[in-house]
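Take a look at these structures.
In what comes next, chain A is part of two complexes: it sits with chain B in the first one and with chain C in the second one.
For the complex of A and B:
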């Protein structure tokens, strides 16, 4: 029995504790629901994250290969000059979304993929290797944008699930049992005090009755003595 | 908003090809940290891309700060699996759900 330390067994405290108990129970059930909701949300994101991660790694390997190929064929300088010629920059839109109190980023991007003639460098002056490298890196960036959203959301969710779980457990296994025990303890103490009082009252009443009876007896005795004195005059006069 | 990349020289070239202007080459750890701080201070960057191998070299405190950040969102790419996420899931759910 773990009674909250320093509680005084009075009726006022008991009422306060009962109120706290109600709040704790409501909070507990709400947090439990939040935890379950987050779990559902998490599993959805997890599956997405797994596939996105796999695609990302695949795209990365492919684009590195292509880049090396382009470097071997054209040389770093040529690739650099092509890169300088590029005009269109990929832009993204970053918003935040709220999943049950967890703020997760929501990233929207218009596809980075460009047509060959949109890239801004001449088609004739460069080889296919550079085109391929550029294309595969564009795919990679697309995947990165997706993965950034999903993975950040997942980390956030995991962190929040962790803290929510802690709170649910703390309420379920510590706070609520403690309050319960304390309420029981105060109830017991109050009953005990009641019994104490009954006994005390009985004792007082008995004492008062005894005193009254003694008084009565004394009075009777005195009256009897007085009466006998009147009847028989004192011997020594 | 834009995407930024910080990392080794080769990959910078690739990201340049994809049209990302804010890709910075950083080879030593000090360069890495200072460039990352620059990018984090840039309010126009929405996603910061790092290589997993570079991420692993960063000081723990910076890693913590980067993974907390939503704006910009930081993502590390690489062939090796990041153990951090796995650990986190394991701790929160109690089961290793990642693969």
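For the complex of A and C:
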């Protein structure tokens, strides 16, 4: 039996504990529901993350292949030269959204996918291999941004599931049993105290009765002695 | 467009000397049968093989700065620049003029690289690494250009030259318009320069230049039509001149399938017909075929008149193709690209 330390076995504490018990049980069932909800949400995000990750890997392989192809066709000298012409670097915008109380990021990328003639280099002096490499890397950046959003959401959900699980377990295996035990302990203590009081009262009552009887007996004795003194004749010599 | 004033040359134009030099230089080119062997070598073996060829000096000189594929790429570019400069030095009169006009594409390349580097904010040394001084602009001038503080300073360095009008199109936001203007200027000059020659082979060289313009425009059409770009934007990116300019210009903005159908019957169609389909994923394959077609056309022309500019053109194209083939093999092997893919890109006579 694990009784909450420093608990005074009083009726007021018992009432307080019973109120806490009710709150803990409601919290426990709510957290359990939250945990289950988060788990469902997590599996949905997990499936999405898996497919996004697969797409990301595919895009990465394709981009590397195309870059290697462009390097082979045009040479790194040309690729580096063209890369310098990049007009605008992509930016990202961070917002947040709420999944069952868990704040997850919403990332929007800007200026990633560009039209061929908006990449900053002249069309005439460059080649299709460079376009293809640039285009596949633009797609890759988009996939990375999407993967970052989904995977961060997944990590946040896992963290929240973990903490919710810890709370549920703490309530289920520690807080509620402790309160239960303490309530039981206080109940027993109070009963014990009651029994103690009864015994004490009984003892007091017995003592009082004994005193009263003694008093009565003393009075009777004195009365008897007085009566015998009045009845007896005087002795003459 | 700027008006190009052609120099006047005395007659007869001296081609015997330069073609003789070119014939001698041609013997140093890597023979066609070496490419399949290079495909089966690893990168260090290729580097060792190149050390036995004309690339030895460059490989030795650059081996302290680069290694592996980087070394081979920079060494081959460096050798290309040296060879082209040598051609310009040994030629006189009209051949020299035409060679320098042809090599101006490297000047354009270098100007574009310097501008891009300045636009990005790269260091002088970094920009210098990517320059190929194979044209008229020498290393000292290019070094001075890279040391300029801003793009405007670089542009000002060309005040009073034909490049000034193209460079003035820089709007401060993007280099694309300016780069296109430089490329258009190059082909404008080339077409006018070749068109002004009266020597034997001049007509065929003009035919080649026009075909090159057509092929470049065709590649632009393939790239932009596939991406669904509007017709007027595509037309802005086409090089004026060439034999088929009007016909190609009309194809701008066409749906891709229709565009492919309208190409049937042209001389270049047979070289791309098997891969040019409506669902083609990689335009770079079509581009490679078209470039190979152009190279083969230059090689075919080079045999027409032995004492003309044509053998020189054939050599310059061969040299550039050789450098490109080596790079494709080495880079392809480094990246682990399939052998068929590399073979498809390598152009052999």
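Going forward, the second predicted complex is superposed on the first by the 226 of 237 C-alpha atoms of A that agree within 3 Å, B and C clash if a C-alpha of one lies under 4 Å from a C-alpha of the other, contacts with A are read in each partner's own complex, and residues count from 1 in each chain.
Operating definition for what follows: a contact is a pair of C-beta atoms (placed from the backbone, for glycine too) under 8 Å apart; a residue touches a chain by one contact, two chains touch by 3 or more.
Since we're looking at a predicted model, the values are computed, not measured.
*Asks:* For A:223, using the defined touch cut-off, is the partner it touches chain B, chain C, both, or neither? Pick first, second, both or neither.
*Replies:* neither
*Asks:* For A:128, select first, second, both or neither according to whether it touches chain B, chain C, the two together, or no partner.
*Replies:* After superposing on A, A:128 lies in contact with chain C but is clear of chain B.
*Asks:* Examine A:63 and indicate which partner it touches, taking first as chain B and second as chain C; both and neither are also allowed.
*Replies:* first
*Asks:* Return first, second, both or neither, reflecting whether A:86 touches chain B, chain C, both chains, or no partner chain.
*Replies:* both
*Asks:* Now for A:77: first (chain B), second (chain C), both, or neither, which partner does it touch?
*Replies:* Only chain C; A:77 stays clear of chain B.
*Asks:* On the A-aligned overlay, A:201 touches which partner chain: chain B = first, chain C = second, or both, or neither?
*Replies:* After superposition on chain A, A:201 lies in contact with neither partner.
*Asks:* Check whether A:149 is in contact with chain B, with chain C, with both or with neither, and answer first, second, both or neither.
*Replies:* first
*Asks:* By residue count, is chain A touched more by chain B or by chain C?
*Replies:* The partner making contact with more of chain A's residues is B.
*Asks:* A:211 contacts which: chain B (first), chain C (second), both, neither?
*Replies:* In the superposition, A:211 touches no partner, neither chain B nor chain C.
*Asks:* According to the stated criteria, A:94 is in contact with first (chain B), second (chain C), both, or neither; which is it?
*Replies:* first
*Asks:* Across the two complexes, what residues of chain A are contacted by chain B and by chain C?
*Replies:* Of chain A, residues 64, 71, 76, 80, 82-84, 86-87, 119 contact chain B in one complex and chain C in the other.
*Asks:* Within the complex, which stretch of chain C touches chain A?
*Replies:* Per the touch definition, chain C meets chain A at residues 70, 73-74, 77, 108-109, 112-113, 116-117, 119-120, 122, 129-130, 132, 173-180, 182-184, 216, 219-220, 222-224, 227, 229, 233, 237, 239, 282-284, 286-288, 324, 327-328, 331-332, 334-337, 341-342, 345.
*Asks:* Within the complex, which stretch of chain B touches chain A?
*Replies:* It is residues 1-3, 10-11, 13-21, 46-47, 49, 67, 70-73, 75, 77-79, 85, 88-89, 91-93, 97-99 of chain B that touch chain A.
*Asks:* What residues of chain A sit close enough to touch chain C in their complex?
*Replies:* That would be residues 64-65, 68-73, 75-77, 80-87, 115-125, 127-129, 131-132 of chain A.
*Asks:* Which of the residues in chain A come into contact with chain B in the complex?
*Replies:* Residues 39, 42, 46, 50, 56-57, 60-61, 63-64, 67, 71, 76, 79-80, 82-84, 86-94, 96, 103-105, 107, 112, 114, 119, 130, 133-134, 137-138, 140-141, 144-145, 147-149, 151-152, 154-156, 158-159, 161-162, 165 of chain A touch chain B in their complex.
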